[in-house]
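Take a look at the structure set out below.
Chain naming follows the written order as A, B, C, D and E, and within any one chain the residues start at number 1.
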Amino acid sequence: MSVEIESRECVVRGDGGVVEQLVVNVGPSHPSTHGVCRVIVHLDGEVVTKAEPVIGYLHRGIEKMAENRTYLQVVPLTDRLDYVGSMYANWAYCRALERLAGIRVPERAEYLRVIVCEMQRIASHMMSLGSAAADSGAATMFIYAFDQRERIIELFEELCGARLTYNYVRPGGVSFDVPEGWVETALAFCRTHRAALTEMDRLYFGNVIARDRLKGVGVLSAADAVAWGASGPVARGSGVNFDLRKHDPYSVYPRFDFDVPTGSNGDCYDRARVRLFECYESCRILEQAIAQMEPGPFRTEGLPRLLAPRPGDAYDHIESARGSLGVYLVADGTPRPYRMKVRSPAFCNLALLPMLAEGHMLSDLVVILGSLDPVFGEVDR
Amino acid sequence: MAVKRNGNGGEARATGVEPRHHEVGAPERTPHVVPITIDVSNDFAGGVGGFFERWRSLLTGLGITGRRALGPATTVRYPREKVTLSPRWRGALRLRGVLGRDDIPIVSGPPTGYNALIEGLYRDDRLPPCVGNCPANVDARGQGYFLGEGKAPEAYELVRERNILPGVLGRICHHPCETACRRNYYDEPVAIRPLHRYAYEEYAKVAKERLAPFPVTREERIAVIGSGPSGLAAAFDLLQLGYRVSCYEKETKPGGALYSGVPSYRLPREVLHDEIDNLVALGLELKLGVEVGTDVPIDYLLGEYDAVLIAVGLQESRILPVPGHDAEGVTGALPFLRDANWKGDAGVKGKRVLVIGGGNVAVDVARCALRTGASEVRLACLEGEEEMPCHPWEIEEALDEGVIAMCSLGPEEVLVDEAGSVRGMRMRECISVFDEAGRFAPQFGENYTEIDVDMVVFSVGQAPVLADVVAGSDISLTERGLLPVDGTLFTTAQEGVFASGEVVTGPGSAIASIATGHEAAISIHRYLRGEDVAADRVARPVPVYAKYQPATLEGVEDQRRRIGMPMARPEDRAKDFRQVELGYTHLEALDEAARCLRCQSEVCVGCTFCARTCPDYAIEVERIDDPGARTVTHYELDLTKCCFCGLCAEQCPTDALCHTGQYELSFFHRDLAIFDRHEMLRPAEGTRATGRDAAHADAPSGGEGR
Amino acid sequence: MSALAWGAVWGLAAGLVIALAALIGVWGERKVAGRIQMRIGPQELGPFGLLQTLSDTVKLVLKEDITPRAADVRVFRAAPLIVFAPIAMSFAVVPYAAGFVPLNTSVGLLFFMAVPAISVIGVLLAGWSSRNTYATIGGLRAAAQMISYELSRTLSILPFVLLAGSMRPLEVMDAWRWWWIPLTAIGFVVYLISSIAEVNRGPFDLPEAESELVAGYFADYSGIRWAIFMMAEYGGMVVAALFAAAFFFGGYLGLPGVLGPIALILKATAIVVLMIWVKWTFPRMRPDQLMKTAWKVLTPMALVQLVIVGAVIPWL
Amino acid sequence: MNIPELRDHLCAIHPDLCPLFSIEFGDGVLSVPCEKLYDAAADLRELGFDRLGMVTAVDHGTEFEMVYRLHSRSMSAAIFLKCGVSRDEPRVRSLVDLWPAALWQEREAYDMFGIEFEGHPDLRRILLPEGWEGFPLRKDYCDDRVVRRPDYI
Amino acid sequence: MALVDRLGQTLDSGSGGGIILTSVDALANWSRGKSLWAMPMGTACCAMELIAASFNKFDFDRHGTFPRPDPRHTDVMVVAGTITRKMAPAVKRLYEQMADPKWVIAMGNCAISGGIFYYDTYSVVRGVDEFLPVDVYIAGCPPRPESLQDGVLRLREIIATGSISPDRVREAVLTLPSSGAVSFGKRPGEGEAR
């Protein structure tokens, strides 16, 4: 529903004619804004002449709060950044902190992190694909995708006792080792998930209406993707082969054999389908990681409750489901961070919306917004 | 779906989607990556074929949804049926117990059942780390509890159950309990060892009234050879079990290695004697100055007594066979210490002394040498500064007193002057001490150092001297002069003969010797009762406890800090054999005992670490800290702020705070969601929250993965 | 009995029937959507949750009836009725049983084509009078859409007029032969799709597109007025299905007595389920694609159907 | 490309930037004076740093430190570009001409720290509502509505 | 609510209307309680659980509750997530757009009190009850979907105390109990008699 009264405005067109434009205010609470985004859309008929996103409706001041929390207390805060993929922010933060404090992470913990993050990628992409499909009206596809996500969430609940805000990746490792039988369930999930992905591909991406809705809509060129700092599936959908797991291989990723799906057209279809194929790749990584994981400690023993890294600053990033998620930490030697900055991929990707939406229809606007997959916890922080 | 690989060419992979792929520009190359591109675009065919493909895609979609519609529903019919929650599920928080309402359990029991008790606690995850990490499983938590309540004699007696000489060990123990103390994680460990000492000092005041001999209830008599810690521990347990025990000591004063090996600046002789006198008062028969083997043959003991325990310890120091090791002025650590302790003069007055070795004994030797008048004491060891095997606080105190440590040096040759006495030592640089597998395999470099000294003390290992003890009996020794002993039962090949202490374990700590004494006592008891010695014997669990990095103390309030042990000034103490540590005052001891977190007791002690760690500051805790009336008066959880992150329950040292499986938390009023102490202690049924989930409420999770 | 009273009785009866059809339609939609989405759907009230929609209706009736301050009050209040009435009227020309059609008019088929199309005016008025951008866009989309699909829907029914030589529903039914089913297969597809579009259901639910326009032309309606919109939608769906069941699949024919109408209702139910199934399977179309489908795909297909039938007629 | 290689590469091409380069916590840092920021950024862009990853600032009490994180896909390298800005008059040249990615990120830095970016086409608040007083991530930011946490650790 | 209000008033004042009123109340409360359509005011993490609650595993529709994005058509606003100062006016406006009778569920701790964002942050509203009349608070961060369903079932208990007559609205007893469960739906003083 609109928040402010709509208005009409007159715009002089390039050819000298005057058109009356309808200004539609989409959001901040709208079924397709994936949270609380407001887009002020100027419409010429059905065609969008200007779409201006207004963000900050979920700006909670997490960066300021982090300055008032101890290093351990920040971890639950990072859960709430990207609430569709809490593990990523956990991990990015912990990596930055580990770099700053010189903490070594046991190998099993790295494997566990990779496993949960790849599962999180699937879960996040399922959410993204599903809600993007729902944006274009395919509610059932949303439920099929969400069903897959729900299974991962059940696995996460087994593993760390929470459904969304896991607080799982901790400085120096992870909070729990896998429970008994969990690994088998995860492998079984991988098998069923592939079939479900193929079914979703046929149901949605094979569908003529969906293709017509997605193809050629919101085209992002590779050059623009790089210049605008896009990352993740948004950049890869445009054919930019940029994936931190390959380009700045962190953790144990170099040990896995996986591919980076990239699109060629840079339209909504490619962006969405890149996500779909990343799920196949995540399944591959999962299986390899589970096979390679060896028993051992899952957490660095002996870290005191209060960490006080030496003064300095560190940045570390991981490839989240939305792109390169970085955390920049400045320490001043006290047990609290001096400054924490989250480099949010969704924020950078969302900046593309005005450019992508211009000239498309109002119906396309929500599809484009969905294909950028913003999560406003992370955009607004 | 097709995969194109540049480079090492793997297999093409099918993922079920028909491929329609074409090259997408040149693959971007980076040093790390084998660029792989999956082209994700596919399109309908053109023309009439495309027309039918389009219609078919619609039918495919209908087919998929239709098939799903015929499949089963995946719904949980919620109010009637509920999902099985993960045991780790972080529901609403509860307290299992609270100080002032619930008691802290005391780990105490008869010697024969003690191991099973510990084992049971360990299995239930209720064993405090200090108890678990102590070789003798001394209940340091119970000590803290009694001392905090102002009941020092009870604390002493509780400690004495497992640590027969609390006063002595309270001065010399290497305190593995403090190493494992959970408090390391928060700030600084509880001063468990100084509290032993304080308990002893308090007990000494009332010892006369509380000491009464154990009643003799059994016929059998037992001889213990050696009055060191392990012998005394075994004797104490056997006395407790109603046996009559005689202890043979070859020296004129009891205490064994505690007397001859430990310098008196660490252990005043009167304390040692006082505690052994206490044992005598409990019924122990001491036979001093009787050397078994020389004065009395062991066969005589075997005849006279029903069981014999050999706990003679180690008497001989190893001396490395480097060139010149037989020169005058080269000696071993034990003879040196014996001289220093018995005579107060080790013949080093004004001499320059070099101690070879990096263990605790070496540091003792070095510090003794200072006190007996050496002009300069150096300590040379193979290991680097970080890896020295001695306890860091020992070397620190030694360095304070003026000992010069020279690390990463291996002895090469003792330089001997014409008179055949030592004039110096040639050392070789040591690169690494251990090989990759962690075995002792020193690697030496090519740098040599020469040190001018007048005396060299080797402190590189000790060995037992048993030939005399067993002379004339059937007991046989190995080629190296060792007694073959079962390492867990402490039985020897000869029936009725047992062995314990460093004879069995090799050089170790006093508390470890005491632990073996307890074990040996159980074996002797079973042997005398005619039971199977090995049956159902509980092997003591040795959990691996985290070794904590020192916590930052910035912002930590003073009352949370460990109370520092008052020490004599270095320049004073280096000159004589008076005590270095001065001991706690009454108030200090009370405060320090109150710092104990009562780990794993499942009783909230109001340590406030949950409140301190909560990222939402949703918890408020207050407690009254009066000895005897210590209670948590206020515990308030604001459930509307809680973020269910689980950090507080993980911090809880006692496991009192835990997550229940309760997740149905609807309230009609915001204030109802604020749980006070009463509410926190309430069991899940009858809570303020709606929709109780009784099935999981009494199976709280948490406590894992700490 | 005067004609007015007779009309009132008929009107009331028709209203009740339509309300019942809508209630069951909504319930069926929720149940079928539930099955497709692997869930249960309404379950709590009555057997299989049948009373759920009744509860919803009572609630909606008892809810506040909001008229936005900016709205054109009279038009705003009248619009639901303008949408509902034509749909209700179109129930009158469906041949329910042998010899029974409530309004036995000689232009029955034309009536069925023409009258429901009036509801587009109501939709347009509803969207415009709400003074809400979403509603305005929704209303305009609805107008464009319903007018476009009206053509193909009409064309898809014309074969029956050709085949039977009459527009009187009962006469068409009398002339009906089983081989009309294969003959008019293409026409049925066109009819089904255009009917879905006519009643603004997915994948043609652009006027109310939930993910774009929140609720489209009825975004500002609440309570009973909104319920009337929903009744019109489900009523339109049911009547379209009844009509298709009668003409494309022979309706009550072939079965004696009361079994005939039951067969008609079963056939109509199947078609309603198909419509629901389609809605919950496909994504929504975009306005331009919608137009393209109407003019470039469905209208030619309907014309092809007409040509086929026209070619067959001389051989009869 | 690892950091020393990057340094050598940088020094070979831009000797003037070489002395400003340092390595901290395993990251290459190029600290430049603020007036040279734009030129240095342009040089780095020429060098192959095609992505502007992050723009932010740190309030050091005495001055603001602008922190830019640049990535290069072709070199597989990343570098920090830092410059200090005076707290009294926080003004720095906008990098929007070089990377459009800076458009929103600089707006965010403005919103949170009040740093004026010269040449930015649309410098408005982005996360906070228009009309918000103060810049919350400054260390001296005061707001009566903030409830302070209890002060224990 | 004009019609219903008038009906309620008429029945209440007229003689013998009480009996009819009681049965109309019963019908109204039954229908209102069993078809609570939700306005999903999901802003943050809790929105994910709100979505999950109406999807296949938890299926809100079984209870007659499903999310409608349009406030005009909904009965209960589920505020799921952090409400910031920037967002609060929009939430309030949406609430005002809802048709009476309407209820508010504050789902999750952010909506109840700001939760984890209570301290040290400058932009978060500490609880939606600062500007909305909240009927049921569901604690959790985020609450499970079952928890939300439980909250909706609790809300029915409040609805059951309602009446279409403006004078007869029974107040739920919402005081802090000394022990035991919350009592509600009980007229004040009724319990003491027995």
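A few notes on this one:
One rule holds in what follows: contacts are C-beta pairs under 8 Å (C-beta built on N, C-alpha and C of every residue); 3 or more make two chains touch, one makes a residue touch a chain.
Computed from a predicted model, the values in this text were never measured in an experiment.
When the partners of subunit A are compared with those of subunit D, the chains appearing in both lists are B, E. Chain closest to the overall centre, judged by the mean of its C-alpha atoms against the mean of all protein C-alpha atoms: A.
More C-beta pairs in contact connect the chains of A-B than those of the other pair, out of A-B and D-E.
Using the mean of the Cα atoms as each chain's centre, the chain most removed from subunit B is C. Taking each chain's centre as the mean of its C-alpha atoms, subunit A lies 42 Å from subunit C. For this pair, subunit B with subunit E, the centres built from the Cα atoms lie 55 Å apart. Between subunit B and subunit D the centroid-to-centroid distance comes to 49 Å (mean Cα coordinates, whole Å). A separation of 80 Å divides the Cα centre of subunit B from that of subunit C. Multi-chain contact residues of subunit E, defined as those touching 2 or more other chains: 55-57, 59, 62, 69-70, 86, 97, 116, 118-123, 141, 144. Residues of subunit A found to touch two or more other chains are 1, 30-31, 56, 59, 61, 64, 68-70, 76-77, 79, 140, 143-144, 147, 165, 203-204, 207, 209, 247-248, 306, 335. Residue positions of subunit B with contacts to 2 or more other chains are 28, 30, 32-33, 58, 61, 64-65, 68, 73-75, 77, 555, 615, 617, 643-645.
Chains that are in contact with each other form these pairs: A-B, A-C, A-D, A-E, B-C, B-D, B-E, C-E, D-E.
Within the complex formed with subunit B, the subunit C residues making contact are 32, 34-40, 43, 277-278, 280-282. Of all the residues in subunit B, the ones that touch subunit C in their complex are 58, 61-62, 64-66, 68-75, 77.
Considering their complex, residues 30, 34, 37-45, 49, 52, 54-59, 62-66, 210, 214-215, 219-223, 226 of subunit C touch subunit E. By the touch rule above, subunit E contacts subunit D in their complex via residues 85-86, 118-123, 126. On the subunit E side of its complex with subunit A, the touching residues are 41-45, 47-49, 51-52, 55-57, 69-71, 81-82, 84, 86-87, 89-91, 93-94, 97, 116-117, 119-124, 141-142, 144.
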